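Think of it as A, B, C and D in the order they're written, each chain with its own count starting at 1.
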Amino acid sequence: MAILVDNDTRLVVQGITGREGGFHTGRMLQGDTNVVAGVTPGKGGQDFEGVPVFNTVEEAARETGANTSVIFVPASFSADAIFESLDSGMRTVCCITEGVPVHDMLKVSDYMRMLDATLIGPNCPGVISPGKSNVSIMPQDIFLPGNVGVVSRSGTLTYQIVNELTQRGIGQSTAVGIGGDPIIGTDFIEILKKFEADPETECAVMIGEIGGNAEQLAAEFIQSEMKTPVVAYIAGFTAPEGKTMGHAGAIVSGGDTTAQAKSEALRAAGIRAATNPSEVAELVAEALRKG
Amino acid sequence: MAILVDNDTRLVVQGITGREGGFHTGRMLQGDTNVVAGVTPGKGGQDFEGVPVFNTVEEAARETGANTSVIFVPASFSADAIFESLDSGMRTVCCITEGVPVHDMLKVSDYMRMLDATLIGPNCPGVISPGKSNVSIMPQDIFLPGNVGVVSRSGTLTYQIVNELTQRGIGQSTAVGIGGDPIIGTDFIEILKKFEADPETECAVMIGEIGGNAEQLAAEFIQSEMKTPVVAYIAGFTAPEGKTMGHAGAIVSGGDTTAQAKSEALRAAGIRAATNPSEVAELVAEALRKG
Amino acid sequence: MDLYEHQGKELLRQYGIETLEGVVATTPDEAREAAEKLGGTVAVKAQVLTGGRGKAGGIKVVKSPDEARDAAEQILGMDIRGHTVRRVLIEAGAAIATEMYLSITVDRTARKPLILFSTEGGVDIEEVAEKSPESIVRLHVDPLVGLLPYQARELRFSAGLEGDVAKGVGKVLSNLYEAFTGADASLVEINPLVATEDGRVLALDAKVTVDNSSLYRHKEIAELHDVEAADPQEQRAQEAGLQYVKLDGDVGILGNGAGLVMSTLDVVAQAGGTPANFLDVGGGADAEKISAALDIVTSNPEVKSVLFNIFGGITRGDEVARGLMTAIERSNIELPIVVRLDGTNAEEGRRILAENTPQNVHTEETMLDAARRAVELGRG
Amino acid sequence: MDLYEHQGKELLRQYGIETLEGVVATTPDEAREAAEKLGGTVAVKAQVLTGGRGKAGGIKVVKSPDEARDAAEQILGMDIRGHTVRRVLIEAGAAIATEMYLSITVDRTARKPLILFSTEGGVDIEEVAEKSPESIVRLHVDPLVGLLPYQARELRFSAGLEGDVAKGVGKVLSNLYEAFTGADASLVEINPLVATEDGRVLALDAKVTVDNSSLYRHKEIAELHDVEAADPQEQRAQEAGLQYVKLDGDVGILGNGAGLVMSTLDVVAQAGGTPANFLDVGGGADAEKISAALDIVTSNPEVKSVLFNIFGGITRGDEVARGLMTAIERSNIELPIVVRLDGTNAEEGRRILAENTPQNVHTEETMLDAARRAVELGRG
C-alpha cells in the first residue's frame, strides 16, 4: 500500500520551468513517478522534458487527471500555489519551498481544516514510496522498497537514516519529510496514524529535533494508539540552550525541549530511542526481528 | 430518536435577559426543554427564572455542561454570538435573530466547514422535537410527538402546517425551521439527510418558497438518496415576478424559481407536492398509510 | 438596497476602479452645462433602478451641449418599466476597443461569493449564458480566505486575456472584490467593463446592491436611499418595518411571516379571490406595527375586504388583537375584516377580540375558512 | 528578527497602542538633553536584544537631567548577557496603578495565534505560570476569522477586569492583534501593560519578533536590522544565506540541512570531540555559498579540523565539491578537512575531489567514520 503517494499518484509540478522545479522534475521522471503535468503561468502550451505545461493547476487537473502536486515556486508565491492546488482538487500537496511566511502558513493550515486533503511541508523534502512514486527532492537511489515507514522533521537527516536502513537491506514503505518550519501542514501524529493504518508498514521511524513538543505529543500518541513498533531519534544532543539551530523550529528555550528530555520522554513511553543515525537502523532491525 | 435536539439537549440561551430571549426562555421552560444556562455579558451571577446567567458561553458550558445554544442577541452581534457558541463546544446552534448581514453569514458558514456542528438559521424559528426538547420560538402547544419530520424555510407557515398535521392526529418527530435568509447554516438537503437516517421519522415534509433553487436540489437528493416518503409544499403560486416577498430569499427573477416550476420539478422527481397547507396534511396521511 | 449608476460608480471609484468622468443633472439646462464642461461627445444616461433603459431609449450619445440638453429633455420624466426618470448622468466619451462583463454575487447554494466574467459585455449576461456559455468564466471565492492571486490568473487564462487588458482586468477584479466585501454588497456588476484603445480598463456602467441588513454599518450608503423612487405605501411600510408589495386584486392580506402570507395569497386565489397585496408584519409585531399595517393595506382603494392571518410564534396573539382594535378605532375602518388568530397567546387575543368585536370584524378558525370568508365578503 | 524596545514601541504606536513618551540616546549628553526635554522623573533603559536587563542594572529611574546623564554613562557600554548596550531609551514617568501582561505568539501545535494575558505583569510570565497559573488567560485565535469581540469579553471576564481598564485592555488587545498580523510577527509581548491612575492603559515595554521569512514584504522593518548586535561571523553567515552558530569546541562542522548538521554535532561529541560551530549551508547550496561557509568556519581560530558532511537532495554533490575546491584554493586553508559526500550527484562530486585532492582533504564513506577521523585529525 504505502501512504500518501503510490502507483495511483498523478503528479503536477508547480513551478516546473524554474531551476529547482526543472532539476527535480527530471529526477522524478527518471524514477517511478507518473509526472503528468507542469504548471508555470504564461508558459501554458509548452512542454518540459515531454511533460505538458499548463497556465493553471485547474487546467492541468482537467486535462491530465492530476491528483497530487509538488510545489517549487518562490516563497512569496507559495501560499497562493498551495491554495490553487487544493482548490483544483489535489488531495496530496507537497510544498518543497523554504522561507514561506508563518502567517501565510497559519491561513493555509486553517483552510486545510475545511478539506479532506494532506499538505506536506513547506520547507520539506517531500514524500517517496520506493518503487511506487517519488514526490520529493530526495535522492531516490538510496531508497529500497520495503516495510519501514519513515517520518522526519529534517531532510538530509532522513537521507542519512534511510541510507543506513538500505545498507542493512531494510526497505521502506514510505518516507515523509514533514518539514522543520513553525507551522507545517502535517505533523508526526498525522503521519504515524497513516502508518498505523497501512498494512504494509511493519515498523515506523520518527526522526525529531530539539525545540517544540511535537515529539512528546507523538510519544503519547504512539503509546496509546499504535501497535506498529516505532523507533525514534532526536537530533541535537549537543545544542546549547537559547540558540536557533537552522530550522526555525529548532530552538531550545527550556529544559524539556532538549534532545535528552525528548529521548527520555520517548523511552518512558516504551519507545526505542536511538542516539545516532546508525543506531536507528540497528533498533529497526531489532524491532522487525521481534515483530 | 428525533434529530438535532432531544432528551440529551442541554440548552444555553444567548441573550437570555433581552426581551425576546426572556420571553421565549420562559416558554421553553414551560415545555420539555432542559434550559441549563443563559448568557448576557455583564450579568453573570444573576439568575433568570431559576436559570443561572453567565458572562460567556465558555463559562456556561464549563459550569453546566450545555451542548446546544439558541441565540436571541441583536443582528449586529449575532455572528459573534455564533462564533462564541461554536468555539465553546456547542454542536447545535439555533440563531433566531433576523437581519444578520449576509457577509457575516458567509464567514460563519465558511467557518462551519471546519467543524462537526450544525447551525440552524439565522432568521429562523428554531427546532422542536415534540415531547423531548424545544429549542425554538414555535408555539409548542400545536405540536404532537410522532413520526413526521418537518423542514421549512418559513416560520409561521410551518406552524400552520404542523397545526394541520396535529389536528389530524399526525405527530412530528422533529420540526426544523431552516430560515429564509440568503445564507443559512443548514439547508433542506442536510436536514433531509438526518431525517432519512432517523429510524423514528417515517415521512418528511418539506416546506419551500419561491426563489432560488434549493427545492430543485432537494428534489434531486430525495429522488436519488431517500427511502423515506417526502411531501412538499411550495408557497407563492400567486407571487408576481421580480418582486421580493418578505424573505430575502423569496424573490422570483426567472421562470424556473416560481412555485409552479418548483412543484412541477418535485412531482417530476416522484415527490408528492401539495398546493396548500391542508393538502399537505392529507398527502402526509396518505403517505403514512401507504408506508 | 439598489444604488443608481452614478452612486455605484462613485463607490467603485472609492475602491480604485476607473470610470469615465460624469456629472448628474436633474434638468435639461444642467445637462447642457455638464456637456459643455465635459466637452466633445457625451452620453446622456437615465438614472433608474431597473434594467433595459438602453432599449427603452434612456441612453443617448450626443455631440454637442445643445443636443445634450435636448436628449435630457426627452429622457427626464420618461417612464422606464414603471420607474420615472428624475436624473440623468452626463458622461464623457471614450474610444472603446472591447466590451467585457464582470460581476460578483452571493451564490446561496455554495455559500460563497461568485465571480462571473465574460469577454462578451454590454449585453444581458443571461443572453450570453444562453448563446455562448463557454465565454463565461465562473470563480468561487472562499469568504474567509478572500480573493487569491491564482484566481485572477485563472480568469485571465480562461478568458484568454493578454497584455495591458489582462493586467487592467486583474486590478479591477481585486478592487471590485474589495468593494463587494467592504460595502457589504450582495451584487456588484460592471457591464460593460471596457478596454479603451489606449489600454485602460474602466467601468462604463455599475450596478450595486447593498445588503439591507448591513446598512447600520454603512451610514453613508444608507443615506443614499432614494425615497422618491418607491411607491408611497411601500415606502411607508418600509419605515414601519413592514414588508409590503402592492398587487392587482381586491382582497387585502396581512399576516406574519413571509411564507404564511405567501401561502395565504395562494389560498385566497384558490378560493376564487385576487390578492390586493402582500404584507408581512414580521416577527414580534406589536400593536403599533399592526395598526400601521392595517392602515397601509386599507389605504389601497381597490381593497374590498381584508384577511388577517396570524399564526403566532415570536408574534403574540394578544398584541395582535390590541393592534387591530387600535387601528380600527383610529382609522374608522368599515371594510369587512376576517381575522384568523392561532399560536402564541392566541387565546388571549381571541378573548380581546370577542370582548369588543366591532360589526365589521369576523373571526374564523382555519386559514381556508378565513380565505373563503374574505373572498365572499369582498364580493359584497 | 527581534526589534529593540524603542522600535517595538514605535510599531505598537503605529497600530494605535499608547506608550510613554520616549527618546533614544546614544551618549550620556544626549540622555541628559532627552531627560530635560521630557521633564520630571524619567527612566533610563538599556536597549538590548535580550531579557533580564532590569536585574542586570540596565534600567534606572532618575529624577533630574544630570542623574539621567550619569545613569546613561553607567548603562551605555554595559554587557548584558553577552549583548553590549549601545543605546538607551529615556522615557517619561507615569503614575501606575496596576501592571499586567499581554502577548500574542504562534502556537505551533494548535497552528493558531495564542493570546496570553495575566493581571500579574512586570515579571517573567514563566514565573507567573508556575506560581499562579490560574491568573493566566489563554485564548486561541482562528487565523482566517481573526480576533472576535467575544474573545475580548472572555479575556475581560476571566481576568476580572472592570470599567476603564477593561475597556482599555480590550482596545489594546484588538490593536495588538492587528500589529501581530500586520507586521507578520511571531511574537508581540507587552510586559508590563499598565493601567495608570487616571485610567489609561499603555505599553511600558515591548518585545516584538518579526518572522524573517516575511521581511521581503516589510522593507521598513527589515531596514531596522541591527548589524552591530550580531557576532561578525554570524552576521557574515546571514548575509551569505547560511545558518551559523558559534560553539565552544574545536571541530569545525559544515553540512546541509539543520537536522543532519545537528546530528553531525552529536556524532562528533559521541566520537569524543567538541563541535566548534553549527553551520547549515541550506538546500541547493552552490559553489559560492560552500566557499563562504568554509571561510566562516575556518576563521574561528579555535578550529583544529573541519568535518564536511553533505547528503545531497536539493544540494548537488558536484557543486559542493567545486565549492570546496574553490574555497580551499582561495583561502589557502591548511587545516585538515574531512569530507563525506552522499546523495544527489555524489559520485560526480567524489570524482571532482578525487581528481584534484589537496593534501589536507580526506574523504570518508560514512558519517560515523568521518566524525571519528575529524576528531582524530584535530588532535594532531
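Going forward, a contact is a pair of C-beta atoms (placed from the backbone, for glycine too) under 8 Å apart; a residue touches a chain by one contact, two chains touch by 3 or more.
Remember, predicted model here, so these are calculated numbers, not experimental data.
**Q** Both chain A and chain B are touched by which chains?
**A** C, D
**Q** Would you kindly say which chain has the C-alpha centre located farthest from the C-alpha centre of chain C?
**A** D
**Q** Averaging only over C-alpha atoms, locate the centres of chain A and chain C and give their separation in whole Å.
**A** Centre separation, chain A to chain C: 53 Å.
**Q** When the centre of a chain is set as the mean of its C-alpha atoms, what distance in Å lies between chain B and chain C?
**A** Whole-Å distance between the two chain centres: 27.
**Q** Which residues belonging to chain C are in contact with no fewer than two other chains?
**A** Within chain C, residues 142, 144-145 contact more than one other chain.
**Q** List, in ascending order, every residue of chain B touching at least 2 other chains.
**A** Within chain B, residues 107, 110-111 contact more than one other chain.
**Q** Tell me the shape of the graph of touching chains, choosing from line, ring, star, complete and other.
**A** complete
**Q** Help me check something: in the complex, which residues belonging to chain C touch chain B?
**A** Residues 106, 108-109, 111-113, 126, 142-144, 181, 184, 186, 211-214, 216-217, 243, 245, 247, 255-263, 265-270, 275, 278, 280, 282-284, 310-315, 342-344, 346, 366-368 of chain C touch chain B in their complex.
**Q** Can you tell me which positions in chain C touch chain D when the two form their complex?
**A** Listed in rising order, the residues of chain C that touch chain D are 144-145.
**Q** If we count contacts the way the header does, which residues on chain B are in touch with chain D in the complex?
**A** 41, 44, 55-59, 77, 80-81, 83-84, 87, 107, 110-111
**Q** Spell out the residues on chain C that touch chain A in their complex, using ranges where they run on.
**A** So the residues of chain C touching chain A come out as 142, 144-145, 148-150, 153-154, 157-158.
**Q** With touch defined as at the start, can you tell me which chain A residues reach chain B in the complex?
**A** Counting only chain A, the residues touching chain B are 110, 113-114.
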